[in-house]
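I've put the structures underneath this note.
Consider the two complexes below, in which chain A is the common component and chain B and chain C are the respective partners.
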Partner chain A sequence: MTLKPSVFDPQGRTIVEALGSMGYGAVRDVRQGKYFELDVDAETPAAARTLVTEVADRLLANPVIESYRVEVDGEETSPPVEPGRRRVTRMVTLGD
Partner chain B sequence: MTLKPSVFDPQGRTIVEALGSMGYGAVRDVRQGKYFELDVDAETPAAARTLVTEVADRLLANPVIESYRVEVDGEETSPPVEPGRRRVTRMVTLGD
Partner chain C sequence: MKFAIVQFPGSNCDHDAYHAARHVLGQQAEFVWHKDTDLRGADAVVLPGGFSYGDYLRTGAIARFSPVMGRIREFADDGGPVIGICNGFQVLLEAGFLEGALLRNRRLKFLCRHVRVRVEETDTPFSCGAAAGQVLRLPIAHGEGSYHAAPETVDALEANRQVVFRYCDAEGAATDGANPNGSLRGIAGVCNRRRNVVGLMPHPERACESALGSEDGRVVLESVVAAMAAPGAA
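What follows is the complex of A and B.
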């Protein structure tokens, strides 16, 4: 997860400046966020998404300054999975 | 980025336990990592990948306890991009 664009990101700014002084001026902008991989028991990818979204809202993300996105294995844009209940989900908080 | 599996992840463990006490026992495992989005100037997606990999090795990742993966817009598995030099890359450190 990363801070919403309207929130000043001092860590990202510091990284850009450090990289500039190391000769990496081609890196124009950096946004830092948090990443979570969750293994969950769920009958379907949709159920896994519902569960992880609830967990994000209640525990993992700070809705005042962060937004997030969720990826679930087995959904159309993600790798297919073996039959069974265990599903790997990835969550990144991201700017709006 | 997340810790290599051989490295004990107390934050992930704490999240699983907190979720269990909130009724989310279906969340079996959590691995927490860091996420970076970098906007870089590069002629090609391959050049962007080379740049970001170097930046990860030199500044963003700790190779003793973390491994990472890089995604570049315009590579075959990522969204296509408009012509031009500016490329969005995403970096997640991940277990091996």
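What follows is the complex of A and C.
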């Protein structure tokens, strides 16, 4: 989760300026964000994604200023987990 | 009249608000724990400053789900006056009572000092006792006070006269130099469309006595006392 591109990110700005003073002028921009790992009871990756997206919209992200991206472990590749087993879901927020 | 002062875990200006209401203005005041849903017959609700839930996740993000917030929503929907100060403003924004969001201060520093704000609108219950354009000297104490909203939202707020307080210099000019935290258009406080819910970053409740360096904040709380005493008040 990061601040939207339209929102000024003073922390990212400070980091990019520090990198510039260290000689890393090639780094043109930095956006600082938050990273969440959710351990979710879900039968399928799609169900995990649906639940995490709802949670992100209701609590984890503020849509006025932040945007996010959801990654689900095993999505597209692995079979559904057995009932009672958990699936780890990562929520990374990035610019939209 | 009676003030309800909401206490979240981490509120720390609750006693300042209580003192201002009870001892300075001589009104009734009662604390309401955030898990309560009874506002005890209050005429106005104060969401005080502080660090509810340690500012975890985002300022105000978790407090907005406290049980008392549902009751305050009903109270506001009935036209009851609600003011959010500092962290209380952050809670009102997260809960959607008011539009916009508060970001880290532009220079990333926690700011604890007196600033000046200009009263832009005097038809809210928390500014009706002030003169339009009146300059108030009030303390701020926040790390996340940079007001932000989408440009079309800010345009609508301006068009609907919902910007109630704006940072300014001693002469009342809203210059960038007088804007302590990088708030869009120097916005220090806004109201809802109905004008009964007001939020602001500066602390009027901490500026009600000369011993505290300023009495300019009194007009904010005295406004609601006058509004409640006026004929036809809710």
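Quick note on the criterion: the second predicted complex is superposed on the first by the 87 of 96 C-alpha atoms of A that agree within 3 Å, B and C clash if a C-alpha of one lies under 4 Å from a C-alpha of the other, contacts with A are read in each partner's own complex, and residues count from 1 in each chain.
By definition in this document, a residue touches a chain if its C-beta (ideal position, glycine included) is under 8 Å from a C-beta of that chain, and two chains touch if they have at least 3 such contacts.
Fair warning: this is a prediction, and the values are worked out from it, not measured in the lab.
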item	value
Partner chain in contact with A:40 - chain B first, chain C second, else both or neither	first
Which superposed partner A:29 touches (first chain B, second chain C, both, neither)	first
Touched partner set for A:51, first chain B, second chain C, both or neither	first
Which superposed partner A:14 touches (first chain B, second chain C, both, neither)	second
Partner, of chain C and chain B, that touches more residues belonging to chain A	B
Partner chain in contact with A:60 - chain B first, chain C second, else both or neither	both
Common ground on chain A, meaning residues reached by chain C in one complex and by chain B in the other	59-60
Chain A partner contacts - residues on chain C that touch it in the complex	57-58, 61-62, 65, 93-94, 100-101, 103-108, 148-150, 182
Residues of chain A touching chain C in the complex	3, 6-8, 10-11, 14, 59-60, 62, 64-65
Contacting residues of chain B [partner chain A, same complex]	1-2, 15, 18-19, 22, 24, 26-42, 51, 54-55, 58-60, 86, 92-94
